[in-house]
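The structures considered in this document are given below.
Next come two complexes, and both contain chain A; in the first it sits with chain B, in the second with chain C.
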Partner chain A sequence: MALRRGRGFACVNYPIGMNLGGDPSQALVHATPDGKFMVTLSSIDLGQGMKSVTRQIAAETLGVPVSDVYVDTADSDTGPHCMGSFASRGTHRVGNAVIRAATEARTQLLEAAAEELEVDAADLEPDGEGGIQVRGAPQRSISVADAAIAAQFKQGRTLSGRGIFLVPPSEVDPETGEMSPVTCFAHAAMAVDVEVDDETGEVRVVEINSAYEVGRALNPKLVEQQLIGGAWMGLSHALYETTEPYYPEREHLPLDFNSYLMPGPGNIAPHNIAILERPAEDAPFGGKGPGEMCANPVLPAVANAVFDAVGVRCDELPITPEKILRGLRSANGS
Partner chain B sequence: MSSIEFRKELFANERPEGLNEIGRPTIRQDILGHVTGRSPFYDDHLFDGLLHMRCVRSPHHHARIRSIDFSEAARLDGVIRIVEPKDVPQNLNTLLSLINFGKEDEPLLTPSKVGYRGEPVLAVIADSERQARAAVDAVRIEWEVLPHVLDVEEALAPDAPVVNEVYPGNTFEYYDKYDHQKLRFGDVEQAFATADRIVEGRYRMSPIEQAPMETCGAIAVPETNDRIACYTSTQALFFSLGTTAKLLDMSSARLHFVGGTVGGGFGGKVDSIVEPMSVLGALLTGAPVKFMWDREEEMQVGAPRGAELWDIKDGLDSRGRIVARSFTGYFDSGAYTRLSSYAVVKATGHLPGPYSIPNVASNVYCVFTNRTPATAMRGFGITGVDFAIECQMDRCARAAGLNPIEFRILNAYRDGDMKAHRRKAKNTALIECCQVVADKSRWLIGSQSRSQSSLRGGGGERAEIPATAIDEVGRIGDRRRREVPTAPFAAGDRKQLPAGTQRGEETPAAPPQNPDMLGHLQSESTAAADPLPTTQSMPRLQPPADRQVDRQPARIPTRDPKAPASGTDAGQAPTRQPPTRRPPVRRTSVSRHISGFRRR
Partner chain C sequence: MPRTPITLVLNGTERSLFVESGENLLDALRRGIGDLSPKYGCAQGTCGTCSVQVDGRLQLACITLAETLSGRSITTAGGLAEGNELHPLQRSFMENFAAQCGYCTPGMLMAAKSLLDRNPHPRRQEVVEAISGNLCRCTGYEPIIDAILKAAEVMRRRTR
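Then we have the complex of A and B:
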């Protein structure tokens, strides 16, 4: 009886957005009288950081500091339509809608500033710090606040924008399955080291080393949070979780977190992550949604590591001690 | 401890830097509320006279209701209203009717026959949750228990119990023709016959709970202006609003949905059950009504990630290249469709995984069984099949005697490769991910594998669409008449589709509707430093044949003569390009509840 080490590998890609498209999202952007910007959505922030990412995208596009942008979302009376927060679509779809809305607002902002400075709007650029300046001549400038005040109270101009992003719906060929599923894919690879107790069937994940390609990390801390948390979820799927432990029989069903197993703090494995960024052509600043795919490579990598450790193929999830011990016994002929 | 590094040297020339706010670790706008426990979740909205709604549920997997007696329950203290199926104005729905996909197959409250344990047949509204629970216990139902089926393969047998009368074959029906989704690319049978070795595996994933800390729920509140406000945990505000309007046959203008801060979703808060239930309660009582699942309901009645079963057969050549891969997949949808029909199509588009394989076939079934309906969960349609594919890849690597990372790199897809769904791969990065992990984990790979790149070696022969074997096996209803094999080509019937057959094209995003919405970043300094316009934020209207050639049109878009000149710099303003390469979309009907197009 011994602790046996093993390592497993897996790699995946992941489609971004709803399969076959047809899932629009809209955004509205408007300036307050003194040049702060409100982004209005109906998208849901589940904790993944939707509000933060759209706020940064709006600030980047408008050319103003992120502190001058606020995201108001999830009220059907004010927020324009969004299909929802699922299918890794938030960053891609809503982010693009925000770019369009913010671009339109920015165009108005620059025209208001141009009128005040008596220059061509095409020669202006925001400095990203709350000012707008003539390109190449930063001494000729106006603050975003003054431009907004002039637009509102002097010029009679709105500084607002609308945006929608839609990958139009497409069809599937019934005979061949030919289709245009999505426009971009994220990628990941992972090596998992495990230790399996061949007496108890217990699996301990010793270390995870991974690489995730996310297009562009729009907010590196949010990406880190998604990947760490998502991989933990994958580990939980691999080794613990199911609502039907003896599927397809509906017996011994867990009804709460005492019987629905999940790893505790002591089961968290060190996870060393590398982020790769290959921007997608139609993604906002190239960023693909990392939210869903981060769990996926963990499940097979753990299964492959368990096989490497003890020679038992656990092809049915979750990989419980019972399944490992039964596998070991049948291999020993006992 | 964990660590994170950014490998900025990879794909650096495709990634303009110098952005102001993008790429910064800005803290969340709402973090102070979260960490001080003050962010309002739906259940934090407090109302005087709030009523509580709970469901009477089936104790059987499959049963007919002979009679219901709720007279005792209705007399209990605090009971305000018993809600019956006939109180639901439009008591049949399928979630994806919002995009016109599938038949109406699920009631909100089930009137006659239940298809899973936990199915709601009646609801009680009471002053307190305790009184609602007592009333639920006091309802007497006489059941006629029916034979049930829990296994996906048994459900496909000719004599299997019919789980859902709307789909008498126990499968979702695709394109009014087949009882499964097909994928056909090349000729797997021919390739298997000449392969060096065959590797087969069978993989299964049991149902998994989304397990949010906050269970699904909603509070509906009548407003004085004849509207209903609904505070909800939904992941999809207008999806839930549209579903509510449809089930309750009311104008969406009377609904005001407020959501936003959600205690975990992971896919389990899309199903839009708690919203119509609570709104119905508010309509019937004229009072605020809360409908919230307890943990047991969240675990066993709320839809989980469904179980999947996958058979994979691979053919390998002597060098370890996969020359053919065949799948037979089963999604256990439970008693109703919810979103599993969609997952089947999404999974099919994902096959055969991120690899270039010249011959691929799959049959994937959305199967109805007498269990809790399945729904979306993080990685929907992909997680289960990725588990199957990557375990299978490990088997194949060992069968071929190759290092598992080298084996992946050898078979990895690259830019320009034709995928099995007949679109070209682009923007790929699998090989680089494999190489980086090999480094990080000190898992030695050879110089041959180390020198590979996603940017090179793809396309050419690998971009061609091969002659393809097709078949018409598995028509709707066939399986009720006789045993029909489930695997591709197992029934023998074959026809040939010529090489190069492609019926559609890449579907790019719709262009901005107005010129002033088109990204200024395409003409600005950040773009100037960028050798590849493909990295810009706005969608390109036409896929590039060649990046260098494509560069110019992306910067200086053509003007549409019909478009109005816009402002001062109309000459530079990029305008909408005619969508000449847009594939035809059949827009056969539009739902009146939230727009959407028919998906066929």
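Then we have the complex of A and C:
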């Protein structure tokens, strides 16, 4: 009886969004009377950081500091339509809608500033620090706040923008079945090292090494954290979690956190991540988003690592000690 | 339903309220007093996000009877900051990205505080054990463990 080491590998091509029905998302942007900007969405931040990322995207597009942008989300009564937070689509679809809405609001902001400065709006640029200046003559400037106040209390102008991102619906070719389900793909590759106890069937994940290609990491710390946390969730799915009974009788059905197994802080495997950036053409500032892909490669990589270690091919999740021991027994012919 | 008046000290302030018989501390804090920092997770003592301190001891508010707490002192995550000054653990959780959706964070903070109260020099394994009663679904735990170890370092420098 021994601890046997194994290494498994898996790759993922992960589609961003889903094209059936156009997969639309909308955003509205408007200036408050003190020259801050509100981004209104009905998209949902589940903790993946979409509020932070859409805030960065709006600030970058408007040319104002991030601290001057607020994001209001998750109310489909008060926000414009969004398909939802799924299919790893948040950064890409919602981000694109935010860029369009913020671009329209920026145009109006510059027109209001141009009227105050008595110059052509085309000659103006925001300085990114709360001011708007004449290109090449920064001494001729006005603060975003003053331009917003002038627009809303003197000129009678709103500073607002509407944005929608819709992918042209792709019909299925009746002859070939060909269609374009998505507009871009993210990618990942992962190697998992495990140690399998061939007496108890227990699997210990020793180390994970991975590379994720996410377009551009718009918020590198959020991306890194999502990848680490998501890989943990994949590991949990691979080795522990199930809503089915671990043993055939229904009374062994996991009903609560006492019997629904998840790895705790004592079962963490070191995870080394390389984040690769190959910006996608139609993505907001190139960012495709890690999304669901962070959990996906773990499952096949662990299954392959277990096979490499003890020669047992588990094709049902989770890969429990029982399944491994049954596999070992049938291989030994006993 | 009979109601019992109790007086307890919440985060240093004396509070009086009526609690129903059988009411748990989590309900008393959230509905009775309005301290929303301890969260409702499993409501059966297995997820840890309702963790608070009762007289300095870590306790699960969802399975603690409120009636038994008259005269006791309760600390919640909502009471960790002093005015605008965040507790070193809160600051460290922020700086080390130890929260993603944030739902487990109040319980994690209280479990970590209870550890550092009794052991200012925890080893990594001791931190792991201290938060083993708290479930987190997003972070993979590692950033939380790192944040607690770094906060311990900051707190040791302060008391030196």
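A few points about this structure:
The rule is simple: the second predicted complex is superposed on the first by the 318 of 334 C-alpha atoms of A that agree within 3 Å, B and C clash if a C-alpha of one lies under 4 Å from a C-alpha of the other, contacts with A are read in each partner's own complex, and residues count from 1 in each chain.
Note that a residue touches a chain if its C-beta (ideal position, glycine included) is under 8 Å from a C-beta of that chain, and two chains touch if they have at least 3 such contacts.
Predicted model, so just to flag it, every value in this text is computed and none were measured.
Contact with both chain B and chain C is seen for A:47 once the two complexes are overlaid on the shared chain. Using the contact criterion defined above for the overlaid structures, shared-chain residue A:71 touches chain B, although it does not reach chain C. In the overlay built on the shared chain, the residue A:262 is in contact with chain B and with chain C. In the superposed model, more residues of chain A are touched by B than by the other of chain B and chain C. In the superposition on chain A, no contact is made by A:118 with either chain B or chain C.
Once the two complexes are overlaid on the shared chain, A:228 sits against chain B and chain C alike.
Put simply, chain A uses residues 46-47, 49, 221-222, 224, 228, 233, 256-257, 262, 271 to touch chain B in one complex and chain C in the other. On the chain C side of its complex with chain A, the touching residues are 42, 44, 46-47, 97, 100-103, 127-129, 131-132, 135-145.
Here chain A touches chain C in the complex through residues 46-49, 221-222, 224-226, 228-229, 231-233, 256-258, 262, 264-266, 268, 271, going by the rule given at the top.
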